[in-house]
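Letters are used for the chains, namely A, B, C and D, taken in the order the chains are written, and counting of residues starts over at 1 for each.
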């Protein structure tokens, strides 16, 4: 590519795959030209996404119906929360789809600055490769998690079937185990299984993908801050004309505007992703206090799921906070500007960098910086300690007897 | 109105209605001329408010007497707290009434700046309509809440009457249920009911109205910050003479002075409103852990009350923090001032905006910004988790047996 | 006084009285000339203080001996803590006494600036009257508390004597009740009682006096910041020559140096006073959960003690944080300096005020500002909630049976 | 030494001793010339360290094996954590060893600035003596702790042997008590004891040494900040030429770069050391709630260990935060620069000092300043209160019956 790599082209493949899971139903997402992206109500993608959303809503209704008859327990409330989160994620991606073409066009315009001469030499950040590696790693780990949970279900439902002598086939027992809320309404058919499994995957997919998506945006923005930093670092201790600093500051302002635009666009996704990750880790850590059972597969699935959630959350914070890290580096670089070149323009730039916070934030509620890891960890530990003595008394027990 | 909309005129109607509930007994509150507002000791409004306050104090005395004979329990202490909060709110509105005329005159003087030529074109914030919508929505929701609680009382008192075969009339049973502290002192008369209901409403009204009042003030201030921001945004990237920035900064300083004046005037109301909302939400969330009962009307009243409190508090924070939001926008706009126009005056303005915090605050105890939502939520969750294991042991039980 | 009021003269009377309780044994404390203050090892005050300290240490030894035989319980550990805190306060006042003459001389030098012409007109803060009122109020309230606790002891010891038919005189029973740790070692004599009561008072006195002392220092410093603020406020919106601002900034720097000197001198007292107040309030609030007993005098003594501690702590924070409040006011006043007079000197002053924190601090551990009230309250509430469920299980009971 | 004291020479002895415990296997560590330091894979030190690490890993394997057979309890999990921490510390020191030569060379280059004329006169900080005193005190206290724990083991194992009539020799009983995880695998031989004791010491040593190492680095950096501060303090209130301030600022920037380099090099050690200290103090404080037993030696060992940990942690924070303290002092000194000498260069220096944070930090997660003591104390108290009611119910008991 002569004119360098744009974010749109780096991320289009990832978004195309996620459209298979009914997320972000935007037309021409793989188009080379960013102007061809648009949201059309009458496109097959929108139609497909709408159907999936409808099916998800139906299943959620069934779950609600099931819960209201069974009663709200610790277990059902957590699976309810899972459904609510995934439906909200679907909705927020729809909302994002409406604005995706204008966001991409704005981003494209800003990127033109960074694909021209001075920055071109500092393009070694390799946005596309990073995006592919990160998404590949996280989503394949998510696939492994999904398979483990599935294997877990098969194993447990089979145990129940054989131990309790229930007169159903192997597949039907899986169906009953996995979807107790549907079993009463929808009689079992073999062809139901792949359909339901697909719906299941469209529900499970967004949980990991939202983190991935935030990481992609983080990488896309960091690539530009990286170039800006490299350009300033290249003139380290050199006396540059005022016009150089004016230009650099203009480009920095353009980047800030882009960060603000994206921040307001993905704010609900950020709040949802971090809230969900945190409560999921709390919930799973809380489960470790109970004896989880001796089945190897149950153990593996449980621990894999917990460790994957911790790593994924930490990775998300580290990658999206790299914007902030590059800004810190730019501040440090400005400290070395020689006295002669210390014009009001540079001072203004330095003051702005010192005062403003550049980071993705859930619409200003909290900033995604590196310190977030520590404060999340402290909160999680505090909450764990708080509920730890509930265990000694609570009536939450593992259902180890299957009938 | 040729000279534009003043805060006094936008809010006068709302305050006039609240005077019916004995709050803010200021004379000539609906007067067009702000100079006619005054606090007269010998006006019928003051007389009426004084009587209502006296009756409230009497009822509070009866409650104290009742509690001291029954003993302090979880339930009685919460109803005691309700009375204390409402009496304090009445007192703080009296205190505000003394200063209302000078506050309004100061506000009026500041507003003259923003009703003249350059700002006139940016008056599209429509303060009056916003105030009316917000107050209308919140107060009618509060009315629904009040009716639900009343229906709840009627229902439960009737249940008690029929199940326990108490030989009293329907209305008398309501009287006994609603006002156990008066039942022993004051024998039942039919004509007592409307009077007591009116006193009850003057006690219930300030709880929601204080939030509304804070929102009104927030809207009134935000309207001016909005105009200031629009004026700066209108000269985006243009080179303006120094005199322009001097003027803008003068107006900003006038607004800051107004914010400080109002902050010190309504500080007790802010502290009371936020403290009360937070403890009420904590208390109600804590009640959700217990089984609330199966009566539909009890359930609806309980959940409506809880959700209304959460929404009202969040809305109050969002609206009053919009002053701060506009200031952030002004800072951002100043970043785009071109290098040529970057005079010491603009720099001084920029530094001041970066260092000072413009927001309503409970007299400097905490600032009402958007982040407050997150920190309140964290505190509430922490407190809930802390007291959650008291439930397993505590002797707090629902009185489901009525005799 | 023609040349105005100095801190030394305003506080000398208070310190003279406290010397009767063996605190701050400095010679010539009431001298008009600040140069005559000195610490002499061979003065009667040092001798007297040393004897009192020795007696206190002896009693502490007796308490330690008593506790080691009885065992560490909730009750004994709290009375141990009381002794430790009071002994440390005695020691820290000794340490302060060594440096008192140099501190006073430095303070006197700085004060000369504020007693000369321009500031003389702004001396209406009336440091001496404020100090006398605050100390008078707090110490007489402390006296009432002490009498209540004494009456409480007399009452309870008498109850024990009559109910259990112990064959001791009234006074001996008081002796036994108040000083169980001495009763075993030292046989009862009538003339012991006044001596022990005096020692008791020298132990109880510093607890309230430390807060008073911090308030005095806060008032003394605030008086000067007040004058500085008034001087700046007097030239509001006037164009002043650069030399004016240079002088004002010099005086401000002199005050800052004084604040730093005092901060490092009283840091141990601040840490001790705040730590002790906070733990005392936590402990007493925790006791409210238990039933305290039905004796009126016990109730009154308990609640008076708790409410006095809360009010005293809040007052201490409000008064010592007034330094910070005045600084905020100076910042605000600087915002109104007209553009013409906005020289680098004023800008430097403004930047310094914006960046540095001027407040008493426990050697940099925490700053005594108004926000401290909120954070202390939150911490206390959190700790109360945490230990609240210990009550349901703990074996801490009131000893209502006296034999 | 004519050219003054370098950090390398001040710390080389301490590092040489620690190499005996297999830490930091760098060749020529005691060399006078900093360029001779290098990490050689084929040196005897690396060989020795590798063997020790291997033996530690083997023992860790044995512990893992033992724990998996005995089951995870409160006690075993804490000893597991100890092994994991010490192994990680060994690994992090290996990692540091790779980079030690480049770090030392960079440090040496920066130090040349501070050993030349103007700074030479301010060299009274006496880095080497401070390092020797601190390391001497802490490591000899650690030795006492180790001996106490050993004596404790001997005592308890002997008690078990005599009380339960186990037919083993005195030494074998110690072996069995100290290393239950090896006893099953490795039969007892007399010559095993010294070897195992040595391995034991290489495991115990890094726990205290990591804190010492951080203190050494803190002292080494503080010495230079001290000199910088003294140079600025020496020109107090004098009008200095701009070139003076340019030079001072250049030197300050060089120091900042050094701090950043070291911070990223020792970040894992900081995180590990603080995390370990905090959890150890929490754990030991938690143990005080249980009755520890009446054996004097057990009591002494327990309390010594707890108090030593608290003092060591506090000391580490105070010494490493002294960098930050000196920076605060430099800011204060800059406030006194006279108006005439207030050039843009000084202002830039002042702004940088005001905005940037200079302190060791665990890679930006938290800053080691004096306030850290307070926040660690608050967190520890909070966690203690949280788990305090677990004690009343938990099944954690002291094993006072030895058979």
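As a working rule, contacts are C-beta pairs under 8 Å (C-beta built on N, C-alpha and C of every residue); 3 or more make two chains touch, one makes a residue touch a chain.
This one's a predicted model, so the numbers in the text were calculated from it and none came from an experiment.
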{"item": "Homomeric contact chain C-chain D: same or different residue positions, threshold half", "value": "different"}
{"item": "Chain A on chain D, rotation in degrees - Cα superposition, rounded to nearest 5", "value": "90"}
{"item": "Gap in Å, rounded to a whole number, between the CA centres of chain D and chain C", "value": "38"}
{"item": "Euclidean distance of C-alpha centroids - chain A vs chain C, Å", "value": "53"}
{"item": "Two or more partner chains touched - positions in chain B", "value": "351, 382, 386, 389, 393"}
{"item": "Chain C to chain D touching residues, read off their complex", "value": "242, 246, 253, 256, 260, 344-345, 348, 351-352, 355-356, 363-366, 379, 382-383, 386-387, 389-390, 393-394"}
{"item": "Residue ranges of chain C in contact with chain B within the complex", "value": "331-332, 335-336, 339, 342, 347, 350-351, 354, 370-371, 373-374, 378, 381-382, 385-386, 388-389, 392-393"}
